[in-house]
């Protein structure tokens, strides 16, 4: 057969997705399009997060940190110099900030590169040891980024954040980058690097015993995750047109964690499905955070109830449905007869 | 001498696991490490493979000191191992497990795999063929796409050895390869090991308890007890040596 | 800087260090026994503070409220293990860590729902909130109470660990769970004790924190928890003495650096992180640490 069943399916999905992006951007109402944009960006983040957590098996809490970095880098590259002078209220912008100006694609790539560089710097101390501490280091890293952003107004405008970011991002940008991210991840997985990352996940010592350089496999995974999380952050900055340090809290990482666990740790198809389900579910459960009228009794607004439900969901999943929806398989694996 | 252990001592805190051990393995030999449980056999393996750093002494492989090198570097020098409790990669198929062994033989970079450049395709094709070839030699090619854990214990053991073979070693360390196997499987395994030894020009160092297997396979054995050498020589002579008997059964001479 | 200010800062450092130490001990014991970073531990501190707050506000005398908080926090800690960690004892490590994060997030949001995110004033009896005059130096009473109580509690913990059979079991578990079980020791019970002790100390730390910075909020446990874990790693994860040493070093550094270099004030929360990275780079086993994982092969 010239084209295997598996390839046919992949090409079909690709074409369908591209068509859908075009159709949505041009024919659907703005509210739906904004939801799709959010889904696309979260999909990029979830796919990236799945690589380090699900494929390489290294528990990390990094996304909010790298997304923040990406958002700020892109925002600073997009905002024209004159706007920066007006916007920076606490301190004048630093010379380098004034000099930063470029178009969208280079800005996004810079976001990715800066995030990747920082990821590498974190990899060295953490992965040299055993990686147990990755979660704590990345958790702390997320806090540090916020502290840095607040304390360095000449680079970041401090707690006031950046606004009037040029709105370049649309469904074409978000959608196509999501598709590219997915393809990159799949290509990594079905290669010696993906196999090695999975080996590190399954049994790191046995992987080393087979000659795998586990430090570099973990580091590649971490750096790649950071790269696309940075880009996702850049897209977010341009989509929201305003960013501030308080937007990139642990809540973002937690949402991504739920997404990839629900989809199945280690499954890229699962990450996409998980994104759609969690974003949809999150909207649907919004009522929990507001005043509810139960049998004529007003509960009052209790923000946080929605997240209580989500955290219970996560705990229950870990206890009873650890493999999530897809386990660690891809959609096309269902059509391959891998015998259990 | 392809492998030389010189005056190696291994202490864990107050416990001396290996005491001033010296021996050599000749190229092309099948060399057996035997002894009661806890004698230090797996510890020696771990020292050779770089997982433990010995307290004293040196390990030479192909006349080069490998003490202190990282395990994955030692693999590249040509030493591969299997584990006492089979450690296959549970989420992957039999074929994928063997392909891990070929990790360092795959000559394409991270970017080349992402961009799917030609070197990715040519290398993957070559290595998949090589992996299937090894699986055929072990008689388990039909299980290639099975999840590794779906196989019988004996076959899983074969996968582990196949995986180690994929690293293209000169010295193969087998930790209790016949454990848990019935006599037919053990016989099958002996033949396979002898065949691959000859075909790939290997030297084999193995740990075993099954004396029939050892007798059958090994050119030479070293008997360890409490981390010390108590006999080195032919397997048939080992069984008759009084120190060896005493180590396994207890010392009857002063009863 | 004059002498009295210097002394003030020194004592502040000891006080803050003690608080970190109390919480760090819980992290280090759980990690030593289960190899688990209990992300929810910092939130246990918050739970302890809130239980004391609720009890005291309801009219219960302060001292009794603290006891109730200690018992309450221990129960929460034990329940966390029984419900969420114990079922996953043999699961891959990452499942446990994810669950721990889930519990942490759950507690934060639960208390957010119950009490709202706005910090609440924590009222404590005058003998704790007052000040003491030593010569020309005026210091809050807490600054002496905290280290004193910490030393007493530390002595109790060390006595338990080294002079009772339960403590010996705890130390044995840190080395090798399967062997300990073979010796007939009920590992689950010992683990329960570990969670109880760690949570009790965290509750005391939480009350101290609440009295010293007299307000509490559902997110108070996060930053303190993070820093306490960094302190535990700095001192040597798995070592109770190390947790204390690490706690004091961190507390001192925060106070002293800010006192001598006020410009760095905004970064004081980052010191823990910097220590963590430095430890990982130069001495991963920490100041007093031992290599816990020799039996991997």
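Per-chain numbering from 1; labels A, B and C assigned in written order.
Here is the rule we go by: contacts are C-beta pairs under 8 Å (C-beta built on N, C-alpha and C of every residue); 3 or more make two chains touch, one makes a residue touch a chain.
For clarity, every value in this text was computed on a predicted model and none was experimentally measured.
Most remote from subunit B, judged by the distance between CA-atom centroids, is C. In terms of Cα centroid distance from the overall Cα mean, chain A ranks first.
Chain centres here are Cα averages; for subunit B and subunit C they lie 46 Å apart.
Here the spacing of subunit A and subunit C, counted between their Cα centres, is 32 Å. Residue positions of subunit C touching 2 or more other chains, listed in rising order: 297. Among the residues of subunit A, those in touch with two or more other chains are 205.
Each of residues 51 in subunit B touches at least two other chains.
Interface residues of subunit B facing subunit A in the complex, by the touch rule stated above, are 49, 51, 70-72, 75-76, 80-81, 83, 87-93, 96, 99-104, 106, 108, 110, 113-116, 120, 123-124, 145-147, 150, 163-164, 166-167. Against subunit C, the residues of subunit A that register as touching in their complex are 53, 57, 59, 61, 124-126, 128-130, 132-133, 135-137, 139-141, 143-144, 147, 150-151, 205, 250, 254, 257, 261, 265, 302-305, 307-308, 310-312, 314-315, 318-319, 322. Across the interface of their complex, subunit B is touched by residues 184, 187-188, 191-193, 195-196, 198-199, 201-203, 205-214, 220, 266, 328, 336-340 of subunit A. The touching residues of subunit C, counted against subunit A in their complex, run 35, 37, 39, 84, 87-88, 91-95, 97-99, 101-103, 105-106, 109-110, 112-113, 117, 222-223, 226, 229-230, 233, 266-267, 269-270, 272-273, 276-277, 280-281, 284, 293, 296-297.
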